Amino acid sequence: MRELMWRLRGANNEGLLVAVILIVVVAMSLASPAFFTANTFFALVRSSMVPLIFALGVLLVMISGGIDVSFPAIAIFAAYTTVKWSMDASFDPGLVVIFVVAMVVGGLLGLLNGVVIARFRLPTLIVTLGTQTIYKGILLTYVGSVYISASDLPASITGADVHLVDIAGGGYLHFMIIPVLLVALLIAWMLKYTVFGRSIFAIGGDTEAARRVGIKVVRTQVWLYVLVGALAAFGGIIYVVLGKNANPQSLVGTELDIIAAVVLGGASIFGGRGSVMGTVLGVVLVQLINNNLVLVGIPSTWQRAAVGLLLIFGVTVQALGAMRARRRPVALAKEVSA
Amino acid sequence: MNNENRNGLAEMNGRVGAAWTSLLERIHVQRGVGRMAFLLIATFAFFAILKPSVFLNPVNLTNIAVAAPEIGLLSLAVMLAMLTGGIDLSVVAIANGTAVTVSSLYTAIAAAQGEAQAEAMTPVIIFAGILVGAALGAINGVLISIVGITPILATLGTMQVFNGLALVWTGGVTISGAPSALTAMGDTAIAGIPVLMIILIVAAAVVALVINRTPIGRKIQLQGANPVASRFSGISARATLMVTYLMSGLLAAIAGLLFLSRNPSASADYGSSYVLLVIVIAVLGGTNPNGGFATVMGVVLATLTLQVLSSGFTAMRLSAYEYAIAQGVILVGVMVLDQVKFTRRRRTKSPNPTEDHTAVVQSNSL
Amino acid sequence: MAQVAQPVLEVRDIVKTYGGVHALNGVSLSLLPGEVHCLAGENGSGKSTLIKIISGVEKPDSGKISISDQERTHLTPSEAIVSGVQVIYQDFSLFPNLSAAENIAMLSELAERRKLSSRTRIREVARRIVEDLGLSIDLDADVATLSVADRQLIAICRALVGEAKVLIMDEPTTALTHTEVDRLFIIVRRLQERGVAVMFVSHKLDEVLQISQRLTVLRNGEVIESGVASDYTGRSIAKAMTGREVNDARLVDAVPEDAPVLLKVSELTREGGFDRVSFELRSGEILGITGLLGSGRSEIAEAIFGINPAQSGTIAVDGEVHRIGSIRDAVKAGIGYVPEDRLTQGLFLDQSIADNMVAASLDSYRSRTGLLDRGRIRTSIAELFARLRIAAPNVAAMVRSLSGGNAQRVVLAKWLDRRPHILILNGPTVGVDIGSKEEILAILREQAAEGIGVIVISDDIPELVSSCHRILIVHEGRVVSELIGDEIDAEKIQLRMAA
Amino acid sequence: SSVSEGDPATSDAGSGSAGDDGAYVVVVKATGIGWFDRMEVGVDEWASEMSIDARQEGPAEATNEGQVSIIQDLIAQSPVAISVVPNDLAGLESVLQQARDAGIIVVTHEAAGIENADIDIEAFENTAYGAQIMENLAQCMAEEGEYVQFVGRLTNGSHSEWVSGAHDLQTADYPGMTRVEDPIESEENEEVAYNKAKEILAKYPDIKGFQGSAGTDVVGIARAVEEAGKADSVCVMGTSIPSVAGSYLDSGAIDKIFFWDPALAGKAQLAIARILADGGTISEGTDLGVPGYESLVQLDGYDNVYAGNAGVAVDLSNVADYDF
């Protein structure tokens, strides 16, 4: 029985998170009849897409033992630059090329992060704090600060508004959910079944030991940050596609919420632990809370405090769960040996 | 080889090695201070030469001295948290909590019983404000030390909660009014040095004294240096972390009073751009974000440097984004240079200065 | 091996400095196929540094390394692995967050330059080697949850997975029981027959003599002697290492019956750890507690020090029963504890010796102003520094720069500065060389003579014999035997530990 | 001694040698935002038309402390005039007082009620502007049904005045309408506005009207409304600019936007500063020579607040007239 409970909880407390999400869903359903509808569900899916992509990047960095706060800056830098280039050149290269160009830009910015962090062994939080302000500063000083509205966007972006499911009352499932899910699955697969993925876990577990078994630590880290940069850019373009505008002031400032979601999802801030499943759940929980406060009738002045309180609640549950988990294996090991 | 000889050799070898590491350690200790002093002088000289009329204008110098203290206090608060290996994102929210408390108490009393009565109650009002700051710090302390939440998440949550509560309390409106003692403090200078700057210097001295010269201060450093070894040394992580975040809250509370003394109004959103700035300052000042190491002097100098830089950029008519770029480049650049210098030093051989026992003990932080 | 074989590995004139310290100063050495070559030397003599250079983890300042006739100035870890060098590191170098199986197989996955990783293959690789060694390790458990001994076994398994030409073992047996050591040696011999060259580092000189054919002694980063192992005895190796004679005769006797009881443990129990353990410790007594790894001997000590408190039973210090639910309770009761893993649990590596020494007694230096009384701190530090004969130029040196023996003295000093009634030491001389070991034991005897009670948890039998007044032998969580005074001898201990 | 006492003397000494005397500086809420980029266009135009050194500055983020710091740095440069578009009125009083003590002319914009400004110039009166939006909204909603209001930040003074001006008019004149929620905070973020609008649509299926305050509010709302297929049945109105809202005006999801041209507002601020610097005064009927500010009116209850008549309402019919 205890063994079963243990399984249900999952390696990174995913089970606990599912329970918290269920509690929140039940509470919200009780608070508002409008909550438990397909409409709300699709809205939740839609609003989780971009944060999920960012969260996956944060997850990768966190597993490797770092914290990245520069991803929103990279995302908007890459997306805005690409869109502006297309607009200025009056040339619409098609959605795929736009994604590719943006991801190359994002990858290059990630490369800079990676080289500085890995080559000089600097604390990631501080480095990315620095590069974040640099990227945003360069974007607004040298690339542009103009809001690009739907009418000026390349047609391939505005035209990408394809719905997989449409329901009465405005609920719909945007087709971008397909690439987003594919990327999530791809990353889950990469983390589990590729040597690169396992190396990221190894580096996060013990960097020196990783070097000693022959992992090319610097190279792996640099590639990791390139990947995370490209991922951020991917999220940036999706943001533009969903929002049908490109605003260079957007996104930056959302980094802490994303990090909170990833940690809620069971990733260890000290590296070496985390899962895509947990991250998905963490993002869903944060979006669930963030996007239904009006619906369940929390007064607007109280909303900031409410989000904070729920965050603390979620992290407390996680912390207590982790504390118990840390005690548990000893007994478990004993049971096994007995 | 006879015994004597061997021992002599070993001792020599050991001595050289240890003298070297202690030298290294002191370079490390003074790294934050030395490089920040250099950077401060360099930036100052740079702008003073380029724009002497504007930059050396006493008004400008006074401005720097008046604007820096609130940021400096918040940076010290973050530095304390970093010293234990944590971080405090809620310092600005705590400062606003204090400012809002003081301002709303003052205006409430002034409205009910007249301005004179409110002025007379200034000490009580200020005390209440500081108490609020300490209480908010204590909430962080409880979440981190007793509940066991990672500091960055605990304070991310409390930042939003404290900020949200201030928003609820004020209804989003900026409250105008503060005890005139506070505003007078913001206007006054002693021997040409603004009182606010003196407050920062005194606070910094007290923090330095606490972390270097008191049992709890040493425990804070040890906690950051190796939490497991501290536990195995009988140091209570709970008590230590609690005191750390309480002190962090107190420093933030004083910063909140400084907000009011510069401008007698309080809002839930003041200083939101400080949150990341103060982390940058703490790290530039030589604080190890992983804990165990920090210099108060370095942090104060880093505060002044960034203030000089910002004011210099305005004097040069450069934009806020160009300043942001410069800030990022300096942060990353200083860390990279540091690392390059440090590894190069480690590779080259050193002279072997022989050390006097007691002198080193004295120069050490104990 | 009659024919003169070509060495598989040769290093020449290796120099490596850390800052100003010469960790290695012109070391040359060769390894022949099929030989076990032992590297002996005191703490800090440069053994691990040499190994790290051969395995590509560190770059030498100068010198040449040739493996299979390919000469280089340095290698990277992956080059070393590809050349067939496998290492069991002193600190294991495992990934705490990964499963045992993955830790074992990771290296071969990388060496085979695989891009994809397969769970079944990993498990299979790990299972095969574990079975080969006749071990029982939970392959799916995270390494973080395993015991030190299991971790060491995993590190050994990992090194044996690949097709090694050179196997380097840096103190591979510190946490192993005798049977496990025996099994390891069987495998080493098997590898030897296949022509693998083995480099073996250990402070346990009997093991060295048992397994190796050749022997090189390092001192202060230089080769002092090199020769055929059978020409040496434990005593002569020790002499070469330290440069002086070493004595391991029994040096203490029983304490007087009327010495006051300092510690009285009754019916102490913790499920899965130990069961109804009772004993007394008298003033001036050094009590040895020994047993196989996993017998519960460490758990008893950890319970008394409050790390993992007991579930039932009482602990009385100086006749007064204390509820010990945390380390702080134990410290307040006057108990000090020198942990097994001194680097992570005992020391603040990047702080000075002085800071480390006062870490446990800060509150006692509070002056009337609330500040630390620096004068008093200086005096007591200087006194301890001299009394424990710590070899460092001054007390401001970073602890990281100290060798194992000196670092251990700093941990001791930290507790002595509190003037504890009872001092518990878990593996006080693990990874400490012979010279330092003797001195540390001498310090313990001095402290006991001054009236404190000392408990030594150890499986180093000579050390127990030489310095303990009384010895408890623990088996499966229970005290099964007690040896007092003249009853103590090495053979008896060995016999009762196993039974 | 006192910091502010010392100021005038030292700044005089400073300005003697400073190459910056004669400068006019507009300090905006934040740089890199479309609205203030447009204001900068006006400032630059005015500077070249008048051959006067005029420029615009602003913090990287719309924060009070950022503006305080810039103004303080400016005081040291002794410009002729500083004009500010404050993030937080009360939060700027002290530093503006210091500027005036140093002999600098202080003009403000969007800051009715500020004390330490020589003149505050409004494009219009805030509550009247709010009322104007409400009149249009009420007309669009046929004077009945549920509506909600969005503000960029709950701490934003102007936004609060617009929504309360509108709400007051509604309660007085349009009893058939009901505001179903307190003003909702969009955090100046289009995505947040979009998500909250979706929630509103779910919670109040019969909602008929939205009023936005931040420039991106109506866009986020419009997207939600459009997706709900209610572009025709729901009225979306509020402050925005054509370049941001244009495509939704085309599609009909946004019914009408209200604004004033920031470029002209920038010019008006500078024009006032110029008049004051030349020793002139501002009074009822003053003509600044800037479209929409040809005959200023003094607002009731303040002695330093003047308003122009620069408010513009734009719908599909006249959106082509504006290129920003």
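Per-chain numbering from 1; labels A, B, C and D assigned in written order.
We take it that a contact is a pair of C-beta atoms (placed from the backbone, for glycine too) under 8 Å apart; a residue touches a chain by one contact, two chains touch by 3 or more.
None of the values given here were measured: they were computed from a predicted structure.
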Going by average Cα coordinates, which chain is farthest removed from chain B? C
The distance between the C-alpha centres of chain A and chain D, rounded to whole Å, is 35
So the centre of each chain is just the mean of its C-alpha atoms; given that, what is the distance between chain B and chain C in Å? 41
Distance between the centres, which are taken as Cα means, of chain C and chain A, whole angstrom: 43
Counting only residues that touch at least 2 other chains, which ones in chain B make the list? 167, 171-172, 319, 321, 323-324
In chain C, what residues contact two or more other chains? none
What are the residues of chain D that contact at least two other chains? 31-32, 60, 154
Interchain pairs in contact, sorted by label: A-B, A-C, A-D, B-C, B-D
Residue numbers on chain B that touch chain A, as the complex places them: 89, 143, 147-150, 152-154, 156-165, 167-168, 171-172, 276, 279-280, 283, 289-290, 319, 321-325, 327-329, 331-332, 335-336, 339-340
For the chain A and chain B complex, residues of the former touching the latter: 67, 116, 120-123, 125-127, 129-134, 136-138, 140-141, 256, 259-260, 263, 269, 301-309, 311-312, 315-316, 319-320, 323
Could you please specify the touching residues of chain A with respect to chain D in the complex? 32, 34-35, 37, 39-40, 43, 47, 136-137, 140, 145-147, 149-151, 168-170, 172, 239, 243-245, 247-250, 290-295, 299-301, 303
Touching residues of chain D toward chain B in the complex: what are they? 1-4, 6-7, 10-11, 14, 17-20, 30-32, 55, 57-61, 63-66, 68-70, 72-78, 88-95, 102, 153-157, 160
Chain A-touching residues of chain D, taken from the complex the two chains share: 31-34, 37, 60, 154, 181-185, 189-191, 194-196, 198-203, 205, 216, 219, 223-224, 227-230, 243-248, 250
